[in-house]
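Below: a set of structures, written as structure tokens.
In what comes next, chain A is part of two complexes: it sits with chain B in the first one and with chain C in the second one.
Right after this comes the complex of A and B.
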């Protein structure tokens, strides 16, 4: 119980937040990793998922391959990548992207597939090109599910970003591993709590976005 | 001039023959109704005109030009298309739905909206509905928006695929009347698909009765088809063999004739009956 109280005291201490290695800087670093991983994943996964949803092709392949990728142990992947790429951010970033891509792909194709085929057919019959059907009908109407995919990915990455510190990068994992090695359990716990809070805040902001979207008529 | 189906056939990869050796001339500025029950290929035929379906063999010509040589997207933008359940974009306001095709054709937003407002008037929609979303309209209103959208680019051709199939009978009658009025003003070349015989008789200058596989049972004006159905199939489809269309007349006390159907349901009165040798009704 003492560790918990100590952890909160640590989090309440302004000194612990300041400085280049403080909680403040690490939290920003953590967020930056999450955002970067999400951005790279989205650049890869959104087009892939949208194409799968739009054409209906490659769906089976996507389901199988994303299922396989999901089964990969992230820590193992980071270690393996670090063996080839050395210490730093690149190795964990690859692992985060691998972790995030399946959710985003699944959200994207599920979003496009969720659009009423009658609406899509009508859009085509009015003379929309495939691109216009995708950008003006399928993406806007599939947006709630597409964002849902990003939300899942964000949650997974923000939790897993802790592992970046395992191979020498920063983030709140630094505090966690530091606490582990120095048997400073209050610090470990404080870092965990910070990650949890970050995850909750991130998830809540996605929730708000999705709720706002649901207010737009036509989006279920 | 007009639309010409030349020996079109549609066979799907699984071997289903939707339409076989179908030929038809649809004259310009008239409305032709493709009438048949489900599975007769009527929607397939309709969708061949704007290349939503390409025939396996044969050709569809618009004003002597084979549509196979026209880029589908460009073709569709100059052909109005109205479908069952409206097919409106649920995330766009009524006004933007109607303006869709104009906007695709590169018309500026303000001009497209002006045109959309005009069309709302044409199809009898209150302009207060312009800012609503399709989900906030009744079924009948949605279909009116669908018709307005189909007319937005001022197309010569209007394809209508059971547009009034999903609304209740009263609204359907009203929409049919409106369409008749609009057609009397605009004179579009209309192909109208329906399985509703009364709708066909109301709206068609020419009716094509279809059997399974797009086989033509009869082509004619409404009068020709009711007067002399080509075969038992047509007669049965029209309900000519049922009590509904078999009328009888009885003299009224104060002159004229009282008309009822074979089940005795009163239909109306006529002043006089035409003379016909050997028959009394």
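Right after this comes the complex of A and C.
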């Protein structure tokens, strides 16, 4: 139990948070990696997921391939990518995107599919184009599930972003690896707790967003 | 990117995906036969391919001498296996002098291979002893490319102080705090390096960073065949900042004189070239530690 107490003492120490290698800077790096990975993944996965949900085509392929991708070990992927691309942020970023894309695709197509077909028919009957049906009916009504996909992805990436430090990038993984290698278990635990807190805060902010969206008229 | 590195990565990937098996590697040790004949000796090894080959070498040599041997290989860290050695559950373990001394006595001030070995014998608990150390070492070493060494006329670590550019070193993150790390280099040699942490312990990623020019210096173990394959230059550590890590077997009192002399015979043959040859063969052939050990013993004419 001493390690746990030491870890919290370390986190309560302002000196541990300052400086270019402190917890503060590393937490910001960690958040930045997560945000960047989410952004790239969303640009790739949202359009793909929406098209799959809207047309119903490629659904089986999406289910199988995203399931397979999810089974890839992230550390192995980072190591392999880093052997070709060198050390730094690129290799882990690829791995994080691979990690995040399946959840976002699944959320997007599930969101569109969840819309009552009667509502979609009604929209078509009113003369809406396919684009209008997608943007004005399916996306707004499916938004909770679409954001749910982003939420899952964010949680996975923020927890895995520690691995960026394995190949020379920063983030809270730096403290975690340093603690592990030097048997400084208080530091290792402190970094883990920081990651956990970050994940909780991130998840809570998605929860708040989802609740606020529910109050907007016209959204599900 | 050569085939060899890919092969290593493949192995690394397998290691990453394979979660630890359920059986406890320690639960069968300790039962030695009571009838006075050559009892069963339990040999352990670290979770490191080169160390497991050394353990296999010891095992095969002891078997040739008629000892019954039980292999308990790939036990993770010293925190786990040193207590097992103390309790007599393991009888023979291939170790490295400096790191073991650091583990047992963090305040030691030994620097030479000889004094490290002597202090180690003192520091070992209970009946444990170390036999003679081999010439072969497997230790942190500061490595640069041949081109870089030539360009800046480098042969010792101290020469780095004269290089007029910002220097980066790829190493595990522990390099930040270890005595031979960033601070030690600055204090002892006046060399200022920026650490680029790469957590594969001098493996293919560290090597790649050096060859790609992402760092100028890399910390790669002295027994890594990659040093020779890539024509790298080990900078001489003239001030003995890195503790010598000679290969040495730790033995319990259950290891009798016959077994000890068999082990010392192998130790005598373990030169730096021999260890490099063994590691290189292991990496290129991807053979099991048992096959690598058998191959090398045959090469030495030690196999019956």
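In this text, the second predicted complex is superposed on the first by the 214 of 220 C-alpha atoms of A that agree within 3 Å, B and C clash if a C-alpha of one lies under 4 Å from a C-alpha of the other, contacts with A are read in each partner's own complex, and residues count from 1 in each chain.
Here is the rule we use: a contact is a pair of C-beta atoms (placed from the backbone, for glycine too) under 8 Å apart; a residue touches a chain by one contact, two chains touch by 3 or more.
The structure displayed is predicted, hence computed values, not measured ones.
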Problem set entry | Fit or clash - chain C, chain B, common chain A | fit
For this session: Have a look at where A:20 lands relative to chain B and chain C in the superposition and call it first, second, both or neither.
Result: neither
For this session: Go through the superposed model and pick first if A:165 touches only chain B, second if only chain C, both, or neither.
Result: second
Exercise. Of the partners chain B and chain C, which touch A:178 in the superposed model: first, second, both, neither?
Worked result: second
For this session: Applying the touch criterion given at the start, work out whether A:119 contacts chain B, chain C, both or neither, answering first, second, both or neither.
Result: first
Problem set entry | Which superposed partner A:75 touches (first chain B, second chain C, both, neither) | second
For this session: Could you say whether A:83 touches chain B, chain C, both of them, or neither, answering first, second, both or neither?
Result: second
Exercise. Which value in Å is the smallest Cα separation between chain B and chain C when the structures are fitted on chain A?
Worked result: 47
Exercise. Which chain A residues are contacted by chain C in one complex and by chain B in the other?
Worked result: none
Exercise. Any idea which chain A residues touch chain C in the complex?
Worked result: 73, 75-76, 79-80, 82-84, 86-88, 165-168, 174, 177-178, 181-183
Seminar exercise, completed: Within their complex, chain A touches chain B through residues 116, 118-119, 121-129, 132, 136-137, 140-141, 216-219
Problem set entry | Complex contact set, residues of chain B against chain A | 47, 50, 52, 73-78, 81, 83, 85-92, 100-101, 104, 133-136, 149
Exercise. Of all residues in chain C, which touch chain A in the complex?
Worked result: 1, 5-6, 9, 12-13, 16-17, 79, 170, 172-174, 176-178, 196-200, 204-205, 208-209, 212, 214
